[in-house]
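Going by the order they are written in, the chains are A, B, C and D; count residues from 1 in each one.
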Amino acid sequence: MLRGIVPPVLSPLRDRDALDEAGLERLLEHILGGGVQGLFILGTTGEGPSLSYRVRRDLISQTCRHVARRCPVLVGITDTAFAESVGIARHAADAGADALVLAPPYYMPEGQPELREYLQHLLPELPLPLFLYNMPPLTKVSYELDTVRWALDQPGICGLKDSSGSMIYFAQVLGLRGSRPDWPVFVGPEELLAPSVLMGGDGGVAGGANLFPRLYVALYQAAAAGDVARARDLQQRVQQVVDRLYRVGRHPSTIIKGIKCAAACLGLCSDFMAEPFHKFRAPEHLRIEQAMADLAPVVAV
Amino acid sequence: MLRGIVPPVLSPLRDRDALDEAGLERLLEHILGGGVQGLFILGTTGEGPSLSYRVRRDLISQTCRHVARRCPVLVGITDTAFAESVGIARHAADAGADALVLAPPYYMPEGQPELREYLQHLLPELPLPLFLYNMPPLTKVSYELDTVRWALDQPGICGLKDSSGSMIYFAQVLGLRGSRPDWPVFVGPEELLAPSVLMGGDGGVAGGANLFPRLYVALYQAAAAGDVARARDLQQRVQQVVDRLYRVGRHPSTIIKGIKCAAACLGLCSDFMAEPFHKFRAPEHLRIEQAMADLAPVVAV
Amino acid sequence: MLRGIVPPVLSPLRDRDALDEAGLERLLEHILGGGVQGLFILGTTGEGPSLSYRVRRDLISQTCRHVARRCPVLVGITDTAFAESVGIARHAADAGADALVLAPPYYMPEGQPELREYLQHLLPELPLPLFLYNMPPLTKVSYELDTVRWALDQPGICGLKDSSGSMIYFAQVLGLRGSRPDWPVFVGPEELLAPSVLMGGDGGVAGGANLFPRLYVALYQAAAAGDVARARDLQQRVQQVVDRLYRVGRHPSTIIKGIKCAAACLGLCSDFMAEPFHKFRAPEHLRIEQAMADLAPVVAV
Amino acid sequence: MLRGIVPPVLSPLRDRDALDEAGLERLLEHILGGGVQGLFILGTTGEGPSLSYRVRRDLISQTCRHVARRCPVLVGITDTAFAESVGIARHAADAGADALVLAPPYYMPEGQPELREYLQHLLPELPLPLFLYNMPPLTKVSYELDTVRWALDQPGICGLKDSSGSMIYFAQVLGLRGSRPDWPVFVGPEELLAPSVLMGGDGGVAGGANLFPRLYVALYQAAAAGDVARARDLQQRVQQVVDRLYRVGRHPSTIIKGIKCAAACLGLCSDFMAEPFHKFRAPEHLRIEQAMADLAPVVAV
């Protein structure tokens, strides 16, 4: 049973259609060294939908080979095309991944009955257990509560990650799953890591854990142990990471750009971004560099 | 220079990952027989993003072969992954298509400067001229007016289709392009066909023209000729098509499902839908059948 | 039966809670001199909800007295409190107004059945016929089509003004009212004046008609006569008014501020704004002044 | 310094424009008996904007007289008209209220600089300290973080209530106010009471505290004391209140209707609603009655 910090791993790129393999290895070692409980590749922070299928397969293979079962690897298979999701899922299973992660198809806005029927058709095709990934700001469609209730009875569905940003929704999902310890519920936005775990959540898929895995692991542990004072303190440090690294640019992409640029500042990997994004130019790069220097004492745990 | 009705062609499917080839041929003949000016495949009505890349390539090849240059074929290349858009574009050029159609990448919400830079990088890779496809309800991101102004100066961009549903935006785009007759502006929602052409628009990408191409061609011609009374009359008939065929189901998919079901009622092609959608069940099918019977006198022109 | 241009009259203010009476008289003469068909006071452009009840009553009395039945006066009674709407309505009747205008209560978001029941309770209390005012961007709640269908059967409801900005909605309302010439449908956004009248609409409530009433009257007449070429030409001039006067500031208030500032440039009235808005400072004032000079030949008809 | 539970008091009505005075007294005694720290009248739950000014003044006077300084009384002065806000504020001060509460003017959507200038103009007119009330779902406009930062330096502004529903925003506000114990931050949605207080919030403005004040006070105390297990347990009971009482109707009004109907079931006051709402009919009333019976053991603390 998965609990704790499962970072959404960056996808290091050498150029538009090629992985930065050495960078990926350094990044994985860095994250694993921080004591995380799992890895999630090809999510939003991993720019999954922006990568060609060739690069996605490559990333899966290399990650699984390098991790070598030191922790579970979760693979994003969200896609607008059914057959492509299945294709990635099979590749992930062959490569030795442990689970799949699926947000609703995100071009056509499907109704909840359509979404459930789609899942019913998809589940038998999947060779690995599936986490639902609730991400309405990007997919337009949520896994609404009726669908979550239904999902709890599907053998192939093993948990949920909520990136809605709504603690109200998160609490309702916790209520639905009740005391089933085998159906973990993770939170996406790292601003909500402490409160969601204090309220019974099982962990976080925090982008900042690419950079400071120990900080996020410590925060999870404090909150899971009910140490309110320490959880608050560590959450405030995470808030400083957010304020300094995720607000440098003007567009929503600033979060991923900030993390990737900071990873480059740490010497982990290239900051090349997949289209339609482009890496920070010199002025923003400098601001991230300065922020990383300033954050050093903040993130030390 | 393209003007008039350019239907967004349905993608007839035999099953989840196979084209209904005979249905596609009948459908194309039916549409071409109505006097349309062009065809647009792999758009929203064509369920483009829901099809596997194999089926997309197949559809492009078969459409181009069957149309055999009787009219221009436009191919949707909208994708979240740059390399996949380029791949489809090259296949379209090889197959003999005439132009490409691109909505903004639709998972990550890019800012307008990011969108322009993305286009700057994409255009040199494209072997055919490009139409912009403004579709904010599905892509979350618009081609805002500054980007349209910039696009007017890009040699590779040859026009725009607006499915925003906003006549205010449409009129602003018409204002920007001024009197350039070589840069057509098309409207998506068929409810807006008469007013947009009366105000200077160049035509419509009307889903209903899969079914009743003559009606939409006649409406376009009346509006383009400034025949207000006839344009109003024909627009009201289109409104009846909308009211009877596009509101049968409960979800936004009801429009595409309605058109595909009606095409099946006409004996044109299978009504199998790509995931995450599923064809109408019997009760809805019956309502579409009845509607088609009732509409027969309405759509006769 | 009301048809044509019914300007939403500015509310000239001397200071935060006092009418600019001389300005109001000059403004009314200016508008009436342009050949408009009616006047609408206490709407959005008239900053109705921002005025104290004392000033609202004052404005009603003075407008009715000054207009002296030269054209119909419509009075906005939109309010969050039932009793206050009724109070204003009675004052309007006493002052000699001709009709009332009501958008849905705009704090609490009511459902459509609640909205209809509210109207059922309100109508018997109103001493004058009522126009519905559809303004979802500000009220959050629309008069949805079922409610419009219901309203068509209410003796006390005499027409509708649509400021949704959606020509699709507008066309649907036209379809519902059919050929009832006694139930006029007006459009709010002046960018839509030509297309909406060409499609059968009965006129416009155009803010710019405070400044250039002849231009808007001419545009209405051309469109109502089916003169497409002239309607397009005049609509393009209106678009220049929009582009030059309504985009000077950064916030949505820029439209009303621009019109009021331009009215001051014409020497009609004070540009004092009701809270929470504040009149343009010198730089914006200068831009409006320059725009008014540039627009002089554009608006001459 | 105010901390703890400050219920948004229902406004008991005899009919459309008259207070249920006896009901108000019983309701106030019931709430005060539960150990709350303050009372907030004329908020959203109190249907403030739906009441005539006469009734609002009446409610203020009677509440202050009946409470007789047993706890602080906060009065909502949110309005679209500046002069009316000031008028209510003065009446509140005269009646003996302790503080005012203000959401942004909610018809015209003002920009943040406009909102700050409005506050600058309003503050000198107010005879009592002011709480900001962040309620973007109803006002469309937020107190954005820059405005909160500015507000922290205004002597007349003494705290903030956040009903945005976003714990991310709430945490950012907590970060801004730092360790100023004299500037309390309250949360609106009762689903967020435990997590917000665990993270450092100062209390809640929970509608359910009209019915079960002890439950909410106990929850606040547990969370403020860092007793995570008890806070979670009590929050789950609150969630049962939410699930059983606030989801009976179909429209957003169902929350207020549910609370008022339940108060009637408790024999506290009439369930008459201000327009545009209307009290539950018999079937919904029965469901609330049953829910109240079922909830009795849940809410006992």
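A few notes on this one:
We take it that a residue touches a chain if its C-beta (ideal position, glycine included) is under 8 Å from a C-beta of that chain, and two chains touch if they have at least 3 such contacts.
Please read all numbers here as calculations on a predicted model, not as lab measurements.
Looking at the partners of chain A and chain B together, they share no chain. Farthest chain from chain C (centres taken as the mean of C-alpha atoms): A. With angles rounded to a multiple of 5, the C-alpha fit of chain B against chain C returns 180 degrees of rotation. If you average the CA atoms of chain A and of chain D, the two centres end up 36 Å from each other. Separation between the centroids of chain B and chain D, computed from CA atoms only, is 50 Å. Within chain A, no positions touching two or more other chains are listed.
Chain contacts in this assembly form a single closed ring in which each chain touches exactly two others.
Each chain pair that touches appears in this list: A-B, A-D, B-C, C-D. Contact residues of chain A toward chain D in the complex are 165-168, 171-172, 175, 189, 191-192, 194-196, 198-200, 226, 228-229, 232, 235-236, 239, 243. Of all the residues in chain D, the ones that touch chain C in their complex are 16-17, 44, 47, 49-55, 80-84, 104-111, 113-115, 117-118, 121-122, 138-140, 250-253, 274-278.
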